[in-house]
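Multiple structures follow.
Shared between the two complexes below is chain A, which pairs with chain B and chain C, respectively.
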Partner chain A sequence: MNGLDLVGPQLAVLVAAAIILLVDALLPDHRRIMPFIAIAGLIASALWTTSWVVRDDYQSAFGGTLSLDRYAVFFYYLFAGITVTVVLASIDWVNREGRGQGEYYMLVLITCSGLMFLSAARDLITIFVALEISSIPQYILAGWGKDARSSEAGLKYLMLGAIASALLLYGMALLYGVSGSTLLPEIATFVANEGAANRSLLIVAMVLLIAGFGFKMAVVPFQMWVPDVYQGAPTPVTAFLSVGSKAAAFAVVLRIFFEAFRADVVSDDWSMIFAVLAAASMILGNLMAIVQTDIKRMLGYSSIAQAGNFMVGLAAISVSGHEFTLGASAVLLFLATYAFTNLGAFVAIIAISQKIGSDQIKDYAGLWQRSPFLAAGLAFCLVSLTGIPPTAGFWAKMYIFNAGIRADLLWLVIIGVLSSLVSAFYYLSVARQMFLGASEETGKLRTSPAIGLSLSAAVVGVLVFGIVPMPLISAAEHAVTIFATK
Partner chain B sequence: MTVGLEHFLVVGALLFCLGLAVALSKRNAIGVLMGIELMLNAVNLTLLSFSRFQDTPHKVAGQTFVVFVITVAAAEAAVALALAVSVYRNRQTVDVDQLNLLKS
Partner chain C sequence: MHGAGPNLAFWVLAALTLVSAGGVMVSRNLLHAVLFLIVSFLGVAGFFILLSAPFLGMAQIIIYVGAIAVLVLFAILLTPRAGRDNGETRWAAPGVLLSIALMAVLLFVITDTKWTTAKDAPEITAADLGQALLSTWVLPFEIASVLLTAALIGSIMLVRSPEEEAEDALQ
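Moving on, here comes the complex of A and B:
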């Protein structure tokens, strides 16, 4: 790898974004091809990543600020897949909305490039810039709709997001000041050698970092924006930010904490912080989700609870030897299955809300008669979010709770299992409404090919990895080998 | 008395807390954005004083960081004002207490 090859995957995405803008401006009669340019750019990006894998060519780039390793490659594929699904699911909505079609796809692609940089970044400055490259377009996208709710969601998301990034920056400034470097490997050396003398300052920096990233991960107590933004933002955008920015935030938190703060002097402290946040998120997210009547708001609270589940993997590090990375690989496995399950659910919701013009759960009654495909697809994704076999969500929960038990976090796993039981109540009550409820309307709902394709892809993925989970598990385990044994 | 690192850090920390208090208590969205700007500039001050007073091989990293923070803050402010205008067009107010359409 050298030169442009180092940023090839991002470059492919950004070139597609530039072409889309040109098409939008110069060929207004051919705007229909814009989503396909976006998908072509994302496929080119995935192929470029594959060429590294085939050549087995992993290295660190730009003076160590980017680390193009197996871990980054796992997330490059994940983000390309997420963005393709989001673009497919957006086509109908964007066509109906009418204005700014080119800009919409461009912003989605720029966000994707920022997410990719974030998963490879190994330097505080790069992490900050990549985080903002992925965040600022999402603020705009959240306020993209014409109605007052969407603008309100956009402004709320931006104001709270900016406060969170200021906290994050202050933490980074303290970390730079105490360690004298912005590169994660050098910070790791400092923490290992002189961490004991500077422990209190390191803990303050860690707490600020967790607060900043906690906002993006949507964990308690940084979750207050989630229900409002999920409800107010256009549904395709909600789908994107519910999986994209959450996965990227977990990617970078894993890299920072498993690399820079891995030394024993601080690792018990952050493991404890993550365990408490995980428990709080699982409890609050699941309890609040029960009382919601709006399905997007319900999925907002459910995503807080799911973030709590991921965080069990972050807390599960007190085991030694090669099992040090067990929690990390569980997080990766869970992120990948959650991404496609949640996207599948949102794709179905996008299609349904366009037809019935409502996001209220009570209006989903009798959907089974009106569109068996959408009802079955949504129900299957909700079953996977609950964690019932034979879905991929079952293996993800099994694996992460197993990591928790191995790390002596039995209390946390018990909370996790109990809150999963609670979650079954609200996930399955949507399914009950769709299958057993009666609707006054009886007209059939027709789905467009793009929605059909993305929903089928998500459902097939969830089912296949539910029956044959090994390929995904070994991919996740392979990716975290970069955090070698402790 | 010579002015040392700790003086700059204390001023930075005070400015940061002041900015956070403004951002969390102001009811006007523009006021909140000014608070955020104050927090970011407190971070810049902290970074620059660390970079000035420490003798590390990465002295320039702190200054580079500040340049990026300033740039990103400008981009963020542009988007924030655009969104504030969009909210004002829909609601005729940018009072954050009245942004309450999104409720369960």
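Moving on, here comes the complex of A and C:
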């Protein structure tokens, strides 16, 4: 690996973004090909990543600021897949909206490149720049719609995001000030050698880092933006930020805490913080989701609860030997299955709300008669989010709760299982509306090929990995081997 | 830092920065708040110069005072319907309490930490900074341009008026 090869996957995505802008400006009659340029760029990006895997060529690049390892590769694939699905799901909405088509796809692609950089960054400055590359386009996209709700979503997301970034920077500054380095491996050496004498500062720095990334992960108590932004942003954008920025935030937090703060002197502290946040997110997210009448708000609260589930894996580190990374691999497995399940649900919602013109759950009544495909697809994704076999969501929950039990976090797992039961109530009540409710309208709903393709891909993926979960589990376990055992 | 001169400069700059930062919050007129902010930025630039980093001090003045503060002033003056007052808030009292609590925690932590200090400030020239930006930090330096492109295009999209969009649709 050398030269351009080091940033090849991101470069492919960014070149596609530049071509889209040129097509938008120079060939206005051919705007319909823009989403396909985006998808071509993302496929090229995935192929480039594959060439590293085939050559078994992993390395540290740019003076250690970027680490192109198995872990980064896992997320490169994940983000390319997420972005392809989001582009497919956006086509109808963007064509109908009519304005700024090229800019829309460009911003989606730039976000994707930022997410990729974030998962590979191994240095605080690079992490921060990558985080902003993935955030600022999303603030803009959240305010893309013409209605007041969308503007409110964009503004709220921007303001609170700026505060989160400020907290994050403060934490990074403290960490750099005491350790004298921004590189994670050097910070790790400092924490291991002199961490005991500076424990109070390290704890404050960790709390600030968790607050900054917690905003992106949408965990309690940094979740107040979620319902308004999820509801107000255009639905394809909501789908993107509910999986993309959440997954990237977990990716970078795993890397920071499992690498820089792995020493015993602080690891119990952050494990405890994550356990408390996980419990609070699961309880509050699920309880608030029950009372929602708007499906995007409901999925917003459910995504808070799901983030709580992931966090069980972050807390589950108090085991030694080869099981040290068990929680980390559980988080990766859960992120991958959650990404496609949630995207599938949002794709169905995009198609449905375009046709029935409402996001209210009560308007979903009788959908089974009007569009069996959309109703079945949405129901299947909701079943997977609940964690019922034979879906991939079942294995993800099972694996992460297993990691919790191994790490003596039985109380947390009990909260997780109980809150999953609560979640079954609101997920399945949507399904009940669709299958058993009666609708006054009886006209059939037609779905476009792009929506059909992305929803089928998500459902097939969730089903296949629900029946044969081993490939995904071993990919997750393989990815976290970079955090060598303790 | 040795001697009375740098010590005196430190305390004067600290007072200047903190008092003007307080002024940003307290002044009820938004324009006054921005002017206080400029003084606070100048104080921070003074700290950089005091720490033997004159290049950073100049960059602080050119970027923060010269560009950002002026941009904020223009934004206030060119936004016709926006209120010019800094706004009252019911959360002032809890905010003050929270700040005091936070300050207590930070003071404890700062005194509790073994900071590594150098006896003499290292000589770092602008050339060294440029070297570092284009070697070790070349990646964040370069991808910052991606960030700026996205922010630029996005903000143009957000502020376009309906008339401009109608014109676009006709073409």
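The rule we apply is simple: the second predicted complex is superposed on the first by the 486 of 486 C-alpha atoms of A that agree within 3 Å, B and C clash if a C-alpha of one lies under 4 Å from a C-alpha of the other, contacts with A are read in each partner's own complex, and residues count from 1 in each chain.
Please note the rule applied: contacts are C-beta pairs under 8 Å (C-beta built on N, C-alpha and C of every residue); 3 or more make two chains touch, one makes a residue touch a chain.
Keep in mind that what you see is a predicted model, and the values were worked out from it rather than measured.
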Using the superposition on chain A described above, determine whether A:335 touches chain B (first), chain C (second), both, or neither.
neither
Touched partner set for A:297, first chain B, second chain C, both or neither
first
Which partner chains sit in contact with A:113 here, chain B, chain C, both or neither? Use first/second/both/neither.
second
Looking at the overlay, does A:177 come into contact with chain B only (first), chain C only (second), both, or neither?
both
Under the stated touch criterion, which partner chain does A:132 make contact with: chain B (first), chain C (second), both, or neither?
both
After lining up the shared chain so the two structures overlap, which partner does A:409 touch, if you call chain B first and chain C second: first, second, both or neither?
neither
Touch test for A:65: chain B only (first), chain C only (second), both, or neither?
second
Identify the partner contact of A:143: answer first if only chain B is touched, second if only chain C is, both if each is, neither if none is.
both
Scan A:14 for contacts with chain B and chain C and give back first, second, both or neither.
second
Common interface positions of chain A, toward chain B and toward chain C:
125, 128-129, 132, 136, 139-140, 143, 154, 177, 180
Which bits of chain A are touching chain C when the two form their complex?
7, 14, 21, 28, 61-63, 65-66, 98-100, 103, 106-107, 110, 113-114, 117, 123, 125-126, 128-130, 132-133, 136-137, 139-141, 143-144, 154, 177-178, 180, 194, 197-198, 200-201, 204
Quick one: which bits of chain C touch chain A in the complex? Just the residue numbers, please.
105-106, 108-110, 112-116, 135-140, 143-144, 146-147, 149-151, 153-155, 157-158, 165, 168-169, 171
Counting only contacts in the complex, chain A reaches chain B at residues 124-125, 128-129, 132, 136, 139-140, 143, 147-149, 151-156, 158-159, 162-163, 166-167, 169-170, 172-174, 176-177, 180-183, 186, 227-228, 231-232, 291-294, 297
Note: in the complex, chain B contacts chain A through residues 9, 16, 19-20, 23-24, 29, 32-33, 36, 39-40, 42-43, 46-47, 50, 54, 56-58, 61-62, 64-65, 68-69, 72, 75-76, 79-80, 82-84, 86-87, 89-91, 96, 99, 101-102, 104
